[in-house]
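Chains: A, B, C, D, E and F, in written order; residue numbering restarts at 1 for each.
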Amino acid sequence: MFYHVKELQFNARVSKPDPAFARLLLEQFGGANGELAAAMQYFVQAFGARQPHPDKYDLLMDIATEEFSHLEIVGATIQMLLDGINGELKDAANESEIMQLLDGTDKKEGFIHEAMTNPQFLALSGGGPTLTNSNGVPWTAAYVNSNGDLTVDLRSDMAAESRAKIVYEYLMQFTDDPYVKDTLRFLMTREVAHYQMFHAALETIQPNFPMGTRQSDPRYSNSYFNLSNGASARGPWNEGQSPDLGEDWVYVEDPIEHVRKTQGMVVDHEPRGTSRTEDEVQKTNRELGKQRKEAVMSTLPEGGNQWSAYPQEDPASPMGIETEEK
Amino acid sequence: MFYHVKELQFNARVSKPDPAFARLLLEQFGGANGELAAAMQYFVQAFGARQPHPDKYDLLMDIATEEFSHLEIVGATIQMLLDGINGELKDAANESEIMQLLDGTDKKEGFIHEAMTNPQFLALSGGGPTLTNSNGVPWTAAYVNSNGDLTVDLRSDMAAESRAKIVYEYLMQFTDDPYVKDTLRFLMTREVAHYQMFHAALETIQPNFPMGTRQSDPRYSNSYFNLSNGASARGPWNEGQSPDLGEDWVYVEDPIEHVRKTQGMVVDHEPRGTSRTEDEVQKTNRELGKQRKEAVMSTLPEGGNQWSAYPQEDPASPMGIETEEK
Amino acid sequence: MFYHVKELQFNARVSKPDPAFARLLLEQFGGANGELAAAMQYFVQAFGARQPHPDKYDLLMDIATEEFSHLEIVGATIQMLLDGINGELKDAANESEIMQLLDGTDKKEGFIHEAMTNPQFLALSGGGPTLTNSNGVPWTAAYVNSNGDLTVDLRSDMAAESRAKIVYEYLMQFTDDPYVKDTLRFLMTREVAHYQMFHAALETIQPNFPMGTRQSDPRYSNSYFNLSNGASARGPWNEGQSPDLGEDWVYVEDPIEHVRKTQGMVVDHEPRGTSRTEDEVQKTNRELGKQRKEAVMSTLPEGGNQWSAYPQEDPASPMGIETEEK
Amino acid sequence: MFYHVKELQFNARVSKPDPAFARLLLEQFGGANGELAAAMQYFVQAFGARQPHPDKYDLLMDIATEEFSHLEIVGATIQMLLDGINGELKDAANESEIMQLLDGTDKKEGFIHEAMTNPQFLALSGGGPTLTNSNGVPWTAAYVNSNGDLTVDLRSDMAAESRAKIVYEYLMQFTDDPYVKDTLRFLMTREVAHYQMFHAALETIQPNFPMGTRQSDPRYSNSYFNLSNGASARGPWNEGQSPDLGEDWVYVEDPIEHVRKTQGMVVDHEPRGTSRTEDEVQKTNRELGKQRKEAVMSTLPEGGNQWSAYPQEDPASPMGIETEEK
Amino acid sequence: MFYHVKELQFNARVSKPDPAFARLLLEQFGGANGELAAAMQYFVQAFGARQPHPDKYDLLMDIATEEFSHLEIVGATIQMLLDGINGELKDAANESEIMQLLDGTDKKEGFIHEAMTNPQFLALSGGGPTLTNSNGVPWTAAYVNSNGDLTVDLRSDMAAESRAKIVYEYLMQFTDDPYVKDTLRFLMTREVAHYQMFHAALETIQPNFPMGTRQSDPRYSNSYFNLSNGASARGPWNEGQSPDLGEDWVYVEDPIEHVRKTQGMVVDHEPRGTSRTEDEVQKTNRELGKQRKEAVMSTLPEGGNQWSAYPQEDPASPMGIETEEK
Amino acid sequence: MFYHVKELQFNARVSKPDPAFARLLLEQFGGANGELAAAMQYFVQAFGARQPHPDKYDLLMDIATEEFSHLEIVGATIQMLLDGINGELKDAANESEIMQLLDGTDKKEGFIHEAMTNPQFLALSGGGPTLTNSNGVPWTAAYVNSNGDLTVDLRSDMAAESRAKIVYEYLMQFTDDPYVKDTLRFLMTREVAHYQMFHAALETIQPNFPMGTRQSDPRYSNSYFNLSNGASARGPWNEGQSPDLGEDWVYVEDPIEHVRKTQGMVVDHEPRGTSRTEDEVQKTNRELGKQRKEAVMSTLPEGGNQWSAYPQEDPASPMGIETEEK
């Protein structure tokens, strides 16, 4: 259940209207890496975590709720950057005045002129935020990643925070309003904080690599295919040891030849540079699969299921239906 | 600022998993008339109302927050209807078992078979809700309407509640789980309640028709064009008086002839069946425009703007920047 | 079957090209509340109404057809506002001239410069309208609402007309071409007229509240949850009587406490402030459901079905297959 | 201006409901190659043709209007294939019956069961068509091509008709209702007819290749790059003469070597296998460009512009503003 | 399998940054008719052609691969047109400088100012290309047409090349950088070359009209419906013979009357102006259908299937599984 | 420049057609985490890396090219899983046979029946892959993340590989064809390999946290807001030290109270639990910003720019225009 308090989490203020910057700021309201995208991603991921991982559920909901609160801050800032447009639009008698503003003949309130950079501020939203990115493209759930496995979801979240951070970093270059800068810097900093929370949570799950439960095939996990020719570079990504599995990189200089020779990598293509064996892989698959399945199944009650207790005094959901029966 | 409590607003429970109904229920999670669409619509509209209309802002945020809470209820129900899928997917060793379930050879846990009706439950989300409609189409902000004028926005909201209500009504036909039915009935009822809240709020704004501030042109506001021929029907929508302006409907039997004769409705096309005159229209436009503009402008502070006070002890925003200066 | 006559319903004219306004006007060509959205919404709704409600079908098709005719007016106006661009683009030899126009070096035909506000006028459509909104986002059927129940659909239509009206109202502020203003005012006025037609049609259906056939649950239909705290407002939407059902609003001051105490609203949560009872609700559900179902079923013929008679001399469809048999 | 008559262009009938085929048929209602896509494509293209090419405008509007009429036929057929669903959904008392139908326990009206293949027929549209393709994806204007040049647009139209034809061909395999087959065959045949109309119209424009006004560069217009290696095929597309310009194909056996040797095709890369010269190309560009520009510009009036005359007695638009002046 | 070499197919160069033109050029990077759309269309079509038509597969993959190479050229050009933006964005200390550039106070590096025409260059991509069209709309697979029949697909491809060609033609008007013009002209010319390759390939398939395998119904294949009235035009598209089937056009002057009289074209509507008969049509349908089906089926191996041989020494796929067995 | 060889990178084979699994597999062809999404993400990111970071450019292009090669493997597998459908569709004479298959009357080729799970295989693509996800939603560039900073982009790539890996893991549960399983396992393993390549590359950039160049504000970087109440969990994400900056987590038990007291976190809100100071932050911002800007700018030539040398003998681009001058 959500609750709203009228105080913003951060005291958002603006010195004066600035519709051109309002347009840029839409990127963090309804854009791919904006606050709604973040809020919805953690919120949607949380459902699957609720029963098997109540601590991670708490984390995801804490941050999701903070991102909703940030969405509110961004929307409030956009609204204040558009101050006055709504009023102007309501006055049927001042058309010729608005036309002067658009012509730039009247310099003193050029903000209507600036607002033309996003025509929907004028023709559609009446001077308020739209749930779009800075180019006017509507927000889409295609931005949201939720895959039912915390070793994957938490990595998606660390990446999402990284993108949100850089967008705020870029945006800070385009305003010189000290109040707006303060707000952006607060929001940017919180992305850095959230990144670390997700990182810490990921580390509590062991093993967390490879993500999910299945091990990789030792025949293919350390090959590097040199598929972009001309002049090639070497680095720790294709020489020495791989950082997570610690296998030796095998550099395939001429992948076309290699593919032909191995008949599409199925003939004479034994593991090299790794100590992992197929038997171990299968064993780990079975054991880890069983263990992870059990971790989920053991938190599901027999019979019907109930999401929350009243009151909820424990992070975990009730194990079965608790209140008066049907 | 938002806040989350772990108790759901309504005690959502399920008797047993039902992936096929989970798919249908996605319509209210990430569909056009679902809870996210409602929540976001009222939330986005609220920004423009914050300073000129703090009472309507309070109303919009109360209902938006309730819709977020309903989104959570719907998501929780979908998750419980998918119970067990996530666990099955984690077990690399049970592939052949899952294949049997898909074949229907093993009848006892046909739910994996049912889940195939939405392949993303299996291949993408790992047995959790996706932010899509029941056909898997991602939620888009194209569903959200916010136009910067309460006489329009509140009507959009009444229509949105009507659509949400009928979708719950339809959905109730497709489950016989008594717990799920209870939840759906609660959610359906709340749409009826919200409709009336928006209706009551609209009535407090006078005049509220036509929506916005400009009057309609008396030459064209009461014509009915009979553009679909063959056999036509008459009713209060094209005979007698129009319900809101109280003008006499003028039925144009042969619109093609009429258009030719009036040279595209600009020659010999005087107002008929109405007592409104162009002069009155212009006068009202000027006066209402001025008044509505003033209502907005008078709540904007001179100089910088600040969204909330700390603490917020009054529904209205502070008139100017209140905390320590820059 | 549709038919097209070359005369526009309204005599659309322009004084001179104005590509910047053409871009704004796209909002009503391919935008969320534009003429195509309206036309398609009523057209799609009409299919379901054809057999059970031939009078409403006639109304929906009359207005749908008028909206198509308005789409044509808007497109024609955009095309005339872009006059000359297509010609310029065809001349491979005048590149340096066009570049001068873009630089603004040649002031006399700055319209190419203005057209840059929507690059697709230059690079894609060759100086014609695109089926997008004013930000270039393609029209999507996500804008269309059709739910198979006239008490819902007509409300969606009243809201759609409201939005279209305010967009025309806003647009009128951004042109001073008297011909274009005349066209916009005609179109705006027609939205006001259509609103009233849908309103009148809705009133002929009784009861029409709640929309659909199921009654709301008396335990939850009059509660108001104060979910946005800080400083709250009271008004007819949360005190006194609800406008449509006439129940007393019950104001839940502290929803979190209330939810905990009632165990998610299922324990000790009897109807208050209403005279409606569960028994009455169930009775109405049964009776109204039966009656509404019958209204649909009674217009379906036994055996095969046929959409129209030849000639169609009656608003109703034929009851069965009429022409020569298979 | 559009006009609607209640008789369908073709006498659409169905023998009995078939919701599964209704789902497939959505592909031609709201799909990429469906009737709406065709109608909108020709309609949008028509605006640019109105003044310079009134004969092609007439053609485009004739076919656009026919496609709208076909959209109606497809929608009517889908509606009749869903007959009965809307009625069932209205009856709150028959839930358990519907559940039996879904279970397949009650075989006699399995159509509700079939309708589950598209959940939106049940949960959203109440048993009517949706403006989506057969997978439920909303129609988008991204399907529409209009580029302001008839040598391009007519080719887009021939391709669009080809795609619509094959989709009807495929659909005919999935119904054995003789009435529905008749309707599909009529619609399929009309695509073949339209293809030929566009083809004939394209031939009246000379030259029509290359499309547009600019000639291709003789250095690059007849090269064939063998970029997909392994085992390559030869045919009239890479040996002999090119079909439209009549140049000799130059087969580049080893494109990587070729690119390196010619420094990215800019050094030592003279025209081969063609008699066209750069001078001729430039001359044609200038002359054809001038001529095509003039063809457009000469039909634009001095001063203001008006779309149609009243009555329209000539295919061409009026040259200037005709009715009473402002 | 793909392979990349670092040399661009054409030596793309720019004289200086030009962010405004970079925005326009996005139309060919991530737009409806851009290089990605072309590459993906031919690539997706190729899968179906691989086994039955290895020569057409080779053609499709040659051109698809060239289009990927062109996508790279376009992206490289956009990147170079944005040179310097990425560097500026990285410097947190130069905000006030950037603000000056935006104000236009500092004229010497107005490119940041120009880049504001696409805010995502600044706020999202950090000065690189985005996979969108020139209005910032993300690329969508809705642009791609692939229908499993070469007589259709090759026509879609000819139309696609036509559209790509005209967009390059338009774009060339908006830059005066001689290097960029050279690149655009190369790309434009290649579209003309590809058009002819597809055209030549289509001619090798006989019969290729009507596309697919089913013949059109002689009753409806040569009617022209005069559905756009007012003043109508005649031409080879509605008088004389149809260009592909060679039937006489039958001009239906008054389609409404015609439809009524023929009871929706099913009564008294015999073939006119054609020598084709229903019997012949059915015979051709059977024979051509059988032959085309056989052409596909005969290339499918019994039992399992394998895509490629190692090495692939023949254009055709192996007929059955070739390498070491399972 | 790209090049294609007919041998697949991996020897994709199928034992028999399986249209239902083909539908699931679309998730990796045109889905959010599929091969096209991966290929395009690395390809688009590569443009910005080309000149400043030629080694990372090589890495990104190597992997992008491999992903294109995987896209081909997935498409080939889908096509083989649909073997036979295209042939069936071509035969106009076998309609009644197909109808029997759909009915399930004829059990032996139930694959047409299965193909109905994705109607577009039958009605649109003619039995080939579509560029959609498993629910038929077209691929969109909204899936692609590219932000012009390698410390962000490489993290986006690690997350993308994680998601692709888990989707393959899930998919492996739904086929028992040993050939298909081999292919999926190869593809899954390569995601694990790519993850490690990106990880290794990220480590070569120091510092890489926070991503981008700006430091976080020490007042807000280590606060944890307990925004989801009821029963809360503690863990290394909100107690002890933050994993990347090594600051002490400050747990804000009651965020609402905290916000009120600090007037929206701007009054009396000094850094706690951290040794970082505002001065250091500003100094690092300046220095790192300058250094990162310089790294980009120093690789841009004076004057014009050229992407590649001919031949390209060095990973770096030429510094200036190299070939014959204009």
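To be clear about the criterion, contacts are C-beta pairs under 8 Å (C-beta built on N, C-alpha and C of every residue); 3 or more make two chains touch, one makes a residue touch a chain.
The structure presented is a predicted model; accordingly, all values stated were derived computationally and were not measured.
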Ask   = If we look at chain D and chain F, which chains touch each of them?
value = B, E
Ask   = Do chain D and chain E face each other with the same patch, meaning over half of the contact numbers show up on both, or with different patches?
value = same
Remark   = A student comparing A-F to A-E should find more C-beta pairs in contact for A-F
Inquiry  = Based only on mean CA positions, could you tell me how far chain A sits from chain C in angstrom?
reply    = 33
Task = Go ahead and note the Å separation of the Cα centroids belonging to chain B and chain E.
result = 38
Query = Considering chain D alone, which of its residues make contact with at least two other chains?
reply = 1-9, 11-12, 32-33, 61-62, 64-65, 69, 88-89, 92, 94, 124, 126, 132, 135-138, 140, 142, 147-149, 166-167, 169, 172, 212-214, 227-228, 230-231, 255-256, 259-260, 263-264, 266, 308, 310-312, 315, 323
Query = How is the touch graph of the chains shaped: line, ring, star, complete or other?
reply = other
Query = Which two-chain combinations qualify as touching?
reply = A-B, A-C, A-E, A-F, B-C, B-D, B-F, C-D, C-E, D-E, D-F, E-F
Key: Residues of chain C touching chain A in the complex   = 20, 23-24, 27, 31-33, 117, 133-137, 166-167, 169-176, 227-231, 255-256, 259-260, 262-264, 266-267
Query = How about chain B: which of its residues touch chain F in the complex?
reply = 1-7, 88-89, 92, 94-96, 98-99, 102, 116, 118-120, 122-124, 126, 132, 135-138, 308, 310-311, 323-324
Query = Residues of chain E touching chain D in their complex?
reply = 5, 7-12, 32-33, 54-55, 58-59, 61-62, 64-66, 69, 140, 142-143, 145, 147-149, 151-152, 155-156, 158-160, 162-163, 165-167, 169, 172, 182, 185-186, 188-190, 192-193, 195-201, 203-204, 210-214, 216-217, 219-228, 230-238, 242-245, 255-256, 259-260, 263-266, 308, 311-315
Ask   = Can you list the residues on chain A that touch chain B in the complex?
value = 1-9, 11-16, 30, 36, 40, 43-45, 47-48, 50, 52, 61-62, 64-65, 68-69, 72, 75-76, 78-80, 83-84, 86-94, 124-132, 138-142, 144, 146-149, 178-179, 212-214, 285-286, 288-290, 292-294, 296-297, 300, 303-312, 315, 321, 323, 326
